[in-house]
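Below are the structure tokens for one structure; questions will follow.
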Amino acid sequence: MTATITPDTSTDDSTDRGGTAPSRRAGRRATVGGVASSTFLWLYAAISIAPLLLMLSNSLRTTQDMAKQPLGLPLPPNFTSYGKAWITASFDTYFFNSIFVTVASVLLSTAVSLLAAYAFARTRSKLFTTLEGVFLSGLMLPVYLAILPLFFMLDAAGMISNLWGLILVYGALGIPFSTFVLASFFRQLPIELDEAARLDGAGPFTTFWRVHLPLVRPAIATVIVFRFVPVWNDFFYPLILIRDQSSYTLPVGITRFFGEYQTDWATLFAGLTLATIPLVVLFLLATKQIVSGLTAGMSK
Amino acid sequence: MRRRILTTTALLAGSALLLSACAPSAASGDGAEEGDQVTLKVWSWRTEDVEAYNTIFDVFEEQHPNITVEFEAFQNTEYNQILTTGLAGSDGPDVPMVRAYGQLQPNIEAGQLEPIDGKVDGLDEIAPSVIAGAKGKADGKTYAVPLATQTLQMFYNKAIFDEHGLEVPNTWDEFIEVNEKLLAAGVTPMALGAKDDWILPIFADIIGSARYGGSEFEEKVLAGETDFTDPDYVASLELVTQVQKYLTPDVVGVSYTDSQIQFTSGQAAQFPGGSFEIATFRNQAPDLEFGSYQVPLPDGAVLDAPVSPAYADGNFAVNTKSTHQDEAFELLNWLATPEFGQLVADELNQFSAIPGVEYEDEVMKEAWANYEDGQAPYLLLVDFRYGEPLGTAVLGAEVQKMFLGQTDAAAAAASLQAGISQWFTPGE
Amino acid sequence: MSAITTPRVRRGTVRTGITLSRRAGMVFVLPALALFSIFIAYPLLTALSYSFFDWTGIVRGGFVGVENYVTLFTRLPYRDDLPNAFVHNLLLFVGAMVFQNTIGLGLATLLHRIGRFKRFFQTMYTLPYLVSPLVIGYLWSLMLSPLFGPVNAVLRGIGLGELAQPWLGNPQTAIWVVVVVTAWQWIGFPVLLYGAALGGIPQEIDEAASIDGASAWQRFRAITLPMLLPAIGTVSVLTFIGAMEAFPIPYALGGSQGNPAGATDVMSLLFYRTAFESGSSNAIGTSSAIATLLFLFIFGISMLITWFMRRTERKLF
């Protein structure tokens, strides 16, 4: 297959190419490649963002205008759709419910998964391998399958329309993915760290808390982001598990909104934009954390 | 790894046997205390009608001061799941709006709904084809009060017809001529959202019901004297292909909502659809002048007059688990009165299932008058949704294939027959 | 080529150490295990057991063995819909691997090298992922509308009018629209995950190779790619699971029937239709059988991918 390069082999590689001056060549290539790669990066950024900008732009136009002219600028911008969307859908209540449920459940699943993933990476017995496999299998659970039993269970516990019920469910649903990612990161940490910590007299928990946790920060950031988004956007569980309108989360609010404004594109786009903005803002604020977490990992 | 899979398999198999007492059993309500203030929960999938229903139930609450009605609406496409779990759990509705005909059967068979025969007055007044939508197939009992009748017909834009000097067609040739003229004038003659398969059996019936014979054909099919491969039925499907050129080009790419906007924005002159469109059109384009007509008889039609296919849509039932049975039946009785029927007409812009209702709206008046002149069942919905695959689902996909040129009328009819015969035995 | 194992590079993965006792390990696992057992394992196993019973609406009838499974392969509409939907799921997976993961890896690698605008690009690529898939699907179905959609309008505007077509109305293009839209939304996922993995690669090796004159592509192939294998494995497994369970985007683009004429049907839609739209009184039995089959397939293949990746890794180092 392929080789892991040590200084020796890469010297072989460069001598293979004979007479050419490697440094000059690499330099010119970097410029051409640099232009090509930044073109690619910008182009793809445009592809990524264009439909979302279109959503934003169309939310400022009228439906009749859109029907006559698919492409057009919102000139002059028309904000009436936002008023309509905001008043009809009680977005503020849904918004706070969503924040509460998402933050609490992501914290819950990340905390328990960190502990479990650490154990999986630092033990080697059949029991734990099996458990890890069982957790992993949860990742493959077609989510819609478990809804009826889950409903009966929460109903029996009197936890329907209860946001904590939803938090526990999401918390549990986060475990397979979070342990999966975190365990692979823990595994990459050298075992010498543990040995050193143990020589210093640290117990298992202290080692985990003081030594490992800081090192897997990028992984934690990744896990939090990748759990935050699906939980925030999920409409299926609250649809079934939440009855009380005052406990609705944003996505359920939106699905109702869909039904009402199917052909009123302008209002629909305004509603979709309103629902999307919080997550985008949150992400923009958090990218700083995520990226600094990532760079911290890189400089190691 | 193999061992792990084996272990899991063993676990799964074992648990299948162990977990045998997990589904809840249906429990009956324990009756309400009399004289107390009672709140009835009413569920519906009509999110767009919340305000109208609140107005309607205000009338009821005034007459029944001890009952408060709490109306809650859920998204139509998610309603089945919500209702399934809602009726099974403890926090469900007292009076749920339920689907009609075949889609109602699972709730009935699971014992989730109370039979209402003898407990609700005025059921005899309701048309048999409509009340059929509220009956249990197996036991023949009535389980709900029908809410509305939907009629299917061709809507047309009056301004466009005037502009091109067109009249409502009375013969098939005139119908074709109207479409040809519109086509020549650069106006899309008919807006149809064939990307959404559910609209297609509706379209097929609007165009072809009179051709295959409406309720006469229904009787024969139910009795087993013929089936869907009948030449008359195949010929009715051929009409669909025949008029395809008058639909939007690439019709299978057009969604239902696109087609609505095409009609309301004046880009298409006609819209084959149900009476449920009237309220939507009024909402979307308050200035739109439109009317409706029954598609004229094509050559070789079995019937001798054009018809509006129709079906019952939506029923109100009583949840077996409701702890306020008496009040729920009080409400149901009111829902079967002409007073409620009139409110359905005025507030919801729907055709009430209760006879003796007057319609103010011109378009509704016209569509209702047409329907009274010539009635037919929306065959696949009324009679062929009692098993899998659903008749409507099979024909929807088959008509899409016809539009795409992947199949023809005869083959589509054969598929329909093959699907339905899997669960349908004539004469039962 | 020669494979040279350097302990310095892959310390952790090679020897997964044992530093926790069984009891301490158990304490660490317990909270997760409790939550998992109650809210996933129990409901899941219960749901799987449903597939062996006959149902009347929501009331369970007698034990019927594998009858519900037999139904799936012998009766309409399942015997037609099941293979059709299943093939589409496989297409989704292949499409995601080809479009989403290779482009994602490319973007992540390029991003790893540049300094300026890095965070800006990361954010741009991740934005679609933040939007609810249902909203995404809905947005695209509006954009691709043959009547009012801007996509065809743009194509006509730049003189590519003959490419304009009813994207979602043509069975040949519809499934690819689902593939591409899914890839478009999820690209941020591999970009971030590979980004994190690239960050974990010691820079010294790359620098040393660079000084020795290895070109960017050589360094990528010989250093970066092998060291990314665990991450590629992770992404592949997650992509596979995502493709098999795809629901909101196909639902928003083609409706629950997988329009047109089943061209965008996938397993989850089939399950959804059976469970909630069929009106069959045995809906729970049949739909649970579908879900069980799907689960077993996903489980088996994921295990296979994981095993394959681990073996490749072991061969490499």
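When the chains are written out, they are named A, B and C in that same order, and each has its own residue count from 1.
Note that in this section a residue touches a chain if its C-beta (ideal position, glycine included) is under 8 Å from a C-beta of that chain, and two chains touch if they have at least 3 such contacts.
What you see is a predicted model, and the numbers here were worked out from it, not measured in a lab.
Participant: Please give the pair of chains with the highest number of C-beta contact pairs.
Facilitator: Answer by contact count: the chains A-C.
Participant: Measuring from CA centroids, which chain ends up nearest the centre of the complete protein set?
Facilitator: Per-chain C-alpha centroids compared to the overall one single out C.
Participant: In terms of CA centroid distance, which chain is the most far removed from chain B?
Facilitator: With centres defined by C-alpha atoms, farthest from chain B sits A.
Participant: Determine the centre-to-centre distance between chain A and chain C, using the mean Cα coordinates as centres, and give it in whole Å.
Facilitator: Computed from C-alpha means, the inter-chain centre distance equals 14 Å.
Participant: Express in whole angstrom the distance between the two chain centres, defined as the mean CA positions of chain B and chain C.
Facilitator: Distance between chain centres, rounded to whole Å: 37 Å.
Participant: Which whole number of Å gives the spacing of the CA centres of chain A and chain B?
Facilitator: The separation of the two C-alpha centroids amounts to 41 Å.
Participant: Using the touch definition from the top, which residues of chain C touch two or more other chains?
Facilitator: 46, 48, 50, 58, 148, 275, 299, 303
Participant: Could you list which residues of chain A touch at least two other chains?
Facilitator: Within chain A, residues 67, 133-134, 137, 147-149, 255, 258, 265 contact more than one other chain.
Participant: Out of chain B, which residues touch more than one other chain, so two or more?
Facilitator: In chain B, residues 4, 8, 22-24, 77, 81, 88, 261-262, 267 touch at least two other chains, as defined above.
Participant: So in the complex, the part of chain B that touches chain C is made up of which residues?
Facilitator: 1, 4-5, 8, 11-12, 15-20, 22-26, 77, 80-81, 84, 87-88, 99, 102-103, 105-112, 194-198, 248-255, 258, 261-262, 267, 385-390, 393-394, 396-397, 400-401, 404, 406, 418-419, 422
Participant: Under the touch definition given earlier, write down the residues of chain C that touch chain B in their complex.
Facilitator: Against chain B, the touching part of chain C is residues 45-46, 48-50, 52, 56-60, 63, 75-77, 141, 144-148, 165-171, 255-257, 259-262, 275-281, 283, 299-300, 303, 307.
Participant: Within the complex, which stretch of chain A touches chain B?
Facilitator: 63-64, 67-68, 129-130, 133-134, 137, 147-149, 151-152, 155-156, 160-161, 239-240, 243, 245, 255-256, 258-260, 262-265
Participant: In their complex, what parts of chain A are in touch with chain C?
Facilitator: For chain A paired with chain C, touching residues are 1-7, 9-11, 13-14, 17, 22-23, 25-26, 29-30, 33, 37-38, 40-41, 44-45, 47-49, 51-52, 54-55, 66-67, 70-71, 108-109, 111-113, 115-116, 118-125, 127-128, 131, 133-150, 153, 168-169, 171-173, 175-177, 179-181, 184, 187-192, 194-195, 198, 204, 207-208, 218-219, 222, 225-226, 229, 233, 235, 251, 254-255, 258, 265, 272, 275-276, 279-280, 283-284, 287-288, 290-291, 294-295, 297-298, 300.
Participant: Flag every residue of chain B that touches chain A in the complex, lowest number first.
Facilitator: It comes out as residues 4, 7-8, 22-24, 47-48, 72-78, 81-82, 85-86, 88-91, 257, 260-262, 264-265, 267, 280, 284.
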